[in-house]
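Letters A, B, C, D, E, F, G and H mark the chains in the order given here, with residues in each chain numbered from 1 onward.
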Amino acid sequence: MALSLYRAIAGPTVLDRLIGVNAIGSKTTVLLIIIGLLYHRVDMFVDIALAYAMLNFIAVLAASRYFQKKKGMVDSTGEMKQ
Amino acid sequence: MIDIITSILLFLGLFFFLGGSIGIIRFPDFYSRLHPAGKLDSMGVLLSLCALALYTVKSLTMGNFLTAAKIIFIVSFVFITSPTATHAIIDAGMRAGLKHWNKNNNQDKKEEKP
Amino acid sequence: MIWPIDIIIISFVVICGIAAISVKDLLSSAILFGAYSFMMCLLWAVMGAVDVAFTEATVGAGVSTVFFVAAIFRTSRRTRD
Amino acid sequence: MTEKTKKASPARSNGLQKWPRLSYLITFVIMCGVWVLLSGRFDAFHLGFGIISCMTASYFTGKLLIPSTRLSSIVHTWFNFIIYIPWLLYQVLVANLHMMYLVFHPRMMDLIDPRIITIKSRMRSDMALVTFANSITLTPGTITVFANELGDISVHVIDAHSGDALPGEMEERIAGLFGE
Amino acid sequence: MDVLGYIISKYNYWGFVLLMMVGMYAMIVKNNLMKKILGMNILQTAIILFFVSTSAKTKATLPILEHGHGDHAIHAVDYINPLPHVLMLTAIVVSVATLGVALALALKVYKEYGTLEEDEIFEAQKKKLNPEMQEGEVNS
Amino acid sequence: MNEIYSIQPFLGVLISASAVLFIITAKRPNIREGWPFLFAIINFAVIASMLPAILAGNEITFTVARVLPGVAIAFRVDAMGLLFGLVSSSLWIVTSAYSIGYMRTLSEHAQTRYYCFFALSLSAAAGVAFAGNLFTMYLFYEMLSFATYPLVTHHQDDEAKKSGRKYLGYIVGTSVGLVLPAMIFIYAGTGTLDFAPGGILSWAGFKPLLICGLVLMFVFGFAKAGIMPFHSWLPAAMVAPTPVSALLHAVAVVKVGAFCIFRTLTHIFGVDLLGSTGLDFLGLHSINMGTVVAVIASFTILTASLIALSQDGLKRRLAFSTIGQLSYIILGAALLSPKGITGGLLHIGMHAFGKITLFFCAGAIFVTTGVKNISDMTGIGRRMPWTMGAFFVGSLSVIGLPPCGGFISKWFLLVGTLESGQLAFMAVLLSSSLLNAAYFLPIVYRAFFCTEEESKFEKKIDEAPSWCLGPLLFTALVSIALFIYPHIFLTLAQMAAKTITGGG
Amino acid sequence: MKKFAVILGLMIWGGLLIYIADDFPGWGDPQAPASVNLSPYYIEQSIPDTDVPNVVTSILADYRGFDTMFETAVIFTAGLACLFLLRSYSTKEPDVYLYRHTATGVILRIEKGGTIPVGSADFERIDATWVPHDLIIKTTCRLILPFVFIFALYVIAHGHHSPGGGFQGGVILGAATIIFAISYNLRTATRNITERFAAFFSAAGVLLYASTGVLCMFFGGNFLDYGALAPLFGTTIAGARSLGILIVEIGVGMSVMAVMSSIYYNISSNGRLNEGL
Amino acid sequence: MSSHFPAIIIIAPLIAGFLISLSSLANRRFCFPIAVAGLGIAFYSSIGLIVSVFEKGVIQYRLGGWAPPMGIEYRIDYLNAFVLIMVSGVAFVNIFAVKKTAERDLPEKLGPFYSLYVLFTAGLLGITATGDAFNLYVLLEIAALTGYALIGIGSGQNSGRAAHSALNYIFMGTIGASFYLLGIGYLYIATGTLNMADLARVLPSLFGSNVIMAAFAICMTGLFMKMALFPMHGWLPNAYAYSSPAAASLIAPLTTKVMIYVMIRICLFVFTPAFSFEFINIKGAMVIVASVAIVAGSLFALSQKSLTKMLTYIIVAEVGYMVGGFWLGNKEGMTGSILHIANDAVMTLCLFLAAGIFAYKIKPRGEILIKDLGSMFSRMPVTMGAFVVAGLSIIGVPPACGFFSKWYLILGGIKAGQYWFCAALIFSSLVNVILFFRIFESAFFGSTCSNHEHGSAHETGHHNDHEAVIDEAPASMLVPLLVSTAMLIVLGFGTKFIVTQIIEKAISGMI
């Protein structure tokens, strides 16, 4: 986790950070359930983990979407991909 | 019995996580970093969550079973989203025009990405 | 509750926070802010505040980050500090 | 091609004329299943509320989950999907071991040789394509970079050998899965 | 051990103070409006952290009552204090609302000046002000 | 002495204020100018109607509203107030008439505004005269300041602007900066602000230093009285149209200042307190506060007279003369003797009639010939004999020579100095009279007695318009009449002095 | 230089706060005033009073329901504020309409006066040529959206028993809209969940909350005293409170969902609601 | 129904806000009547409240039916009944005035505008009425958020600056609110309760604790930021000056005043005077800070060329009045401070309404400079007249109400021996004289030159008294202006009533 965090913080480009954050997200999901175990109330934490998994996805999606569009904005050459 | 399986799986999952993290750090360029990040993490999630699901159903009640099912639900969810996210990131990378690392010019372009 | 985890997460939170404000790229700091929210959520789960953790998970990780990214999308990534 | 693309625009396709409401119904059933899974409470109040919720959800998202309403194909697909999963899991495991090997290899740099290859899939249904693309991502050394409705898929491979297997077996399986 | 106990009993507060300083620092020193907004959010989370810390209770579980197993009475000691959580839910909501408005304003600023750097905005304002003043003199 | 609760004083204030409404709504110039005239007469009637009651030794009170605990907007008419009220309201009638002539002849702009604020100013002046406590007085004092501002700056040119600034700067600055805190100090100490003949501070137990400070704050605070060094707004304000200068800067405004000081010294501090409080903390045991104020007044008298000598603009010379004369009133109060007080009060009335005559004359000259400077007036007596005749009468009154009213007041002042044994001030008075003569009489002399060559005017009688001429002749006559029949004013002043000094 | 001064100041400030933290009761001390003073009442009375095991929810929506109403109002305000600040209603017609064939990605440029393929399922209107089209993301999102949706509704409905409630569920619902808008495009999203719809829901949700409170007033209770509604629902007072909480949560969920989408719409398209992130 | 007034006063505008938002979807014309109705009900119930406070004393209202420490309670006593009337009255009067401006400036966004308007009012009313420390925070944020939006919209060419200054306002406001929240947190950790009355009951036993000290300090710092006390005033002038006149005339009179009310409430009714005035000895320091604020605010105002900006700096100075008056710690100072809350609200309302009219008539798309006001006396005599009255009131000329609060403030200063504070007050009055007469002068003198211009253009007769064409604002703007002007005088005459019947009862037992 700390290593992902390192990538997230030190990563030379935004996308490296994005990878790091994504990795943190998936680890956090697991960690949440482990915490639930420690509290003996897993049923409560599952919901959070689920929500977490979903929203982690959104964040990553949004950030990557940024590039998809911004790139196009910069050189709106007209043609599609590649 | 379940305890042992659980801990083995959990350990494996954590091992994959570790591998993923190290991979993220060690790999030379953005694209190759995505490989460990995308794969190893989803594997880690799969294993750990299965372990936890198993652990949950140790005492089998309806509630616990549903909880375990929910955990499996999370797993499947992650399995749908994780490749998509990986794809989204790599697509973004392509569009952002990040340079590819290849063997020939790794000496000078190692950590220098636009 | 489990203080070693707690202390580690707090230090992560602080590190994330500092990183988020010191990175020289707004998109990066938005993403780091997402990580910060993740950590925060975890912290609260550890502290037993499930509802708060839930809210932070939905708001911090999901919505605020997207808002940030959207806003940066509409403005610029550039920053000098 | 026009026929295919019509299906490929899910948001606004009106479904088949046969049972226009069927997609909603199916969604509703699935939703109910999920609800029960999530809720875990079986008193009348929660179930009633659940049904209302499911109806709302299927109303809003009915067209998204199941764009085509050919019932038989759906059953077929889901059934096959269950068979497909273990294989996929096996592939994933292999992929991960491969990845672990790379990660912990002290001379990792020499082993990898990232590049992008392009393949052409014969599948046209977007669901199949996406399954394919995601499977590619999960399997050893490859990540889908781009895919479109015409079956063009470009893949980022970590070393020279990873891409060799594509499209190969996986496409066969997925094609079978979706009946194409 | 005593020192350790002391640290354990207080580090949360230290963490909150640290975060608050980080947030304040960002809000005061940073030149970029977006960074300031970020700092603002960090500040708010710091305070939320403080509140949640007040609710902690050792050897207690989540404030979601377990009914169903046995009809023994509910003891307050067994559950974490829920009140700060409620308050902080509200605070989080407020913070996201503030964030929304702040971002909207930042967009508006950007639309007007084409930059988010505060010093550049000031310069642009000055530039804009001067012709306006001259114009005003002509008018009057 | 009885107190009569009657609305009369409030009416006296309200009537002139309500004139504003009529003036604004009036469409035609004739009607518009008729209203002030009418209201002036009504106003005078109302005020005069209080005369019998007051002369009978009663006081009329009226409370409008209690705005603060212990402080109300209240009116209280006593002899002193009525004296001032009579003077200002009677002169309003005259000035209304004069204004008509002046404004029409010069075709001034914004006449509606002019008449409105004129009425408002008069209302404020009446309010000051009848104020029952310091607060009410302050209220109307401020109102007067603001109401006169548009009059002072009536011409709306740069000079007017400058003078307006100076005017407000001095007047409002001092009143807010000095009077207000002093007032609050008094309220903090006593819990009331009501005027009482013996003063209200005697039992507040203030330290002498504080009392000295308060006295000075009031004396300088009411800058309308033109005590030096807060006098320089007055000459500046002479840019106003002459009726304004005449009524307001010879009568209403400046007299209000002097009246306020007079009122404060006598009804807030009380003669006894002033007499017993000395500059002990400076080691000057023999000097009491009255003397201090008197010294300040004397200084102003002499300096102003000297400056007046050197002025060429007729209105400016009159203005400096006014500064000097106002200090007579204050000197009268500061003498702390019944006769002095009587003299001071009388001087309000006497000087008013004299000085207004002079201003009217100056205005008439300006209207007819457009001349402003004294040096250009050589020989003007031949062209405007009536005007200059009136001017002569006015001068006599101001100088204090019989057969004019000014003589009586000056006489009482002189007696007052004797009574209080302060002969130095007698010298001041006398020398200042000489100076007065020195700056007025040459004008008259050169107006009438000059050679043909020196004269700057054709020898042809070409008087001012009758709307101008009438009022000034009337006031000149009144000045003379007051010498002969000073009874009303004298009685009032003596009654006031009696109550102030507590018997005697 | 300024930086160092600020840091120094903040250090002093932080040091003071830490010094003061000394006087706090220890972390997790069960005898801290905060733990013994008010909260035991909530914990012990929550079920008898309101029939809600999740104490946080019962405090949130009942004991301190008024706070929560304003919290929702804050959210509503934020949505309104974004709309107010950003929305621009320029009705200027563009010179060129761009349509993309959804399958091939071929873009049609239709100049003014050209025939517009209205209603055709194969073409979607886009605003610039660069608007991307990503099959994988689109399909995946399509797949997961219903689940997100039902999950959100579940969260709203089960606030009584597990963490979550109106606000969290509402945010997830909003996030679902956002996913939709991201994976397709904003134009499609606004066609399905229109701006008017969002505006209506955001107000209606809070209104539902507030009018529940007012209804309580009509039934003789104080504002937001759901117990007064017991005759209406035909339940015990505690049951009425529980139901009241549910209604309120639904209101919150509606409002929050609508507001989140509305804020996202406005921010990502800079108020033009044509093409967002 | 009357027993529900404490709730209704908040609920009515709140629901009106939502209804406006709904109805604007259907038809924009419904917005205004609903807003008026909501505010009208609020105003009516505020009057009802003060009547019942007179009859029954302190009113407690339990929201949700829960007893105070558990639930949230509204507690209406003399102090907040008074402030409630002020707030609802100002908002009610102002809504008529802003109608035209809003319709012209924001034709598309009328619904959101009115909605935000009434929500802002609801927030402020709630802040005033609430008896719960945390509830206050939420309401604070409602008021603040709506305020940010209303300010940020700006108008015309100022919209960029408005947005920027609103953003600054957000930063300061959020820090302030966060500090307040933190202070509440400190109190909570020390006492475990959030109800104000309960806090006041528990706190005296804890006075020695550092936590309470810190809570007090942090709370106050936060509030000072929100009320723009001098060193922390940076956000205010730009925010108010560049905002749309429609918004400024609502926000400027109310925000800072309500914050000062909150300060009074917190100091007196939470920390109790024994703590605020005696236990910690910061009275003198605060009064000095306030004096500095007054002087600085006045001097800044003096250096402004723009009318609205000048007015905003006057607000900064006025904040100093109220804060200083409060911290004098004696009855007179407190009375002056509370009185000034109402008086200053009305004065500021009047000034900003007039400024709004000027903006509407002469410079719709930019900031009004003082020199733009030339010849206003002849062009808009009524507006200018009202402006003059308000200006005189600010200067402190009786019988306008500004005089009386200043009176009490100076009195308090004298009684407390804080002569510097009195000096600052006097100084500020003098500066105000200069400020306002600068405006009056330019409004008065501009006429000659513009007359000439107009004269040559229109051939108006020179001897006509109505030389300049009277070009007044529409009646919907004038009437509120005149009402507020009348209120200035009425408040002035009502001072004794207010002081003896309301304020003395409000603070009795405190000092």
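By definition in this document, a residue touches a chain if its C-beta (ideal position, glycine included) is under 8 Å from a C-beta of that chain, and two chains touch if they have at least 3 such contacts.
Small disclaimer: the values here were computed from a predicted structure and weren't measured.
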| item | value |
| --- | --- |
| Between chain B and chain C, the fewest steps along chains that touch one another | 2 |
| Chain with minimal offset from the mean of all protein Cα atoms | H |
| From chain C, the most remote chain by mean C-alpha position | F |
| Chain centre separation (chain D, chain H; CA means) in Å | 60 |
| Rounded Å distance, chain A centre to chain H centre (Cα mean) | 46 |
| Between chain G and chain H, centroid-to-centroid distance (C-alpha), Å | 32 |
| Distance from chain G to chain E - Cα centre to Cα centre, in angstrom | 18 |
| Contacts with 2+ other chains: residues of chain A | 1-2, 14, 18, 20, 39, 43-44, 47-48, 50-51, 54-55, 57-58, 61-63, 65-66, 68-69, 71-72, 81-82 |
| Per-residue multi-chain contacts in chain B, two or more chains | 20, 22, 34, 42, 63, 66-67, 70, 73, 77, 80-82, 84, 87-88, 91, 94-95 |
| Sites on chain E touched by chain C in the complex | 8, 11-12, 15, 18-19, 22-23, 25-26, 29-32, 34-35, 38-39, 41-42, 45, 48-49, 52-53, 55-56, 58, 60-64, 80, 84-86, 88-89, 92-93, 96, 99-100, 103, 106-107, 110, 115-117 |
| In the complex, chain H residues that touch chain F | 392, 395-399, 404, 406-407, 410-411, 414-415, 422, 426, 429-430, 433-434, 437, 440-441, 444-445, 447-448, 462-463, 465, 467, 492-496, 499-500 |
| Residue ranges of chain G in contact with chain H within the complex | 16-17, 19-20, 22-25, 32-39, 41-42, 62-67, 69-71, 73-74, 76-78, 80-81, 83-85, 87, 89, 196, 199-200, 202-204, 206-207, 210-211, 213-214, 217, 221-228 |
| Chain A-touching residues of chain B, taken from the complex the two chains share | 13, 17-18, 20-22, 24-25, 30, 33-34, 37, 41-42, 44-45, 48-49, 52, 55-56, 63-64, 66-67, 70-71, 73-74, 77-78, 81-82, 84-85, 88-89, 91-98, 111-114 |
| Residue numbers on chain E that touch chain G, as the complex places them | 8-14, 17-18, 20-21, 24-25, 28-29, 53-60, 62-67, 73-77, 79, 81-87, 89-90, 93-94, 96-98, 100-101, 103-105, 107-108, 111 |
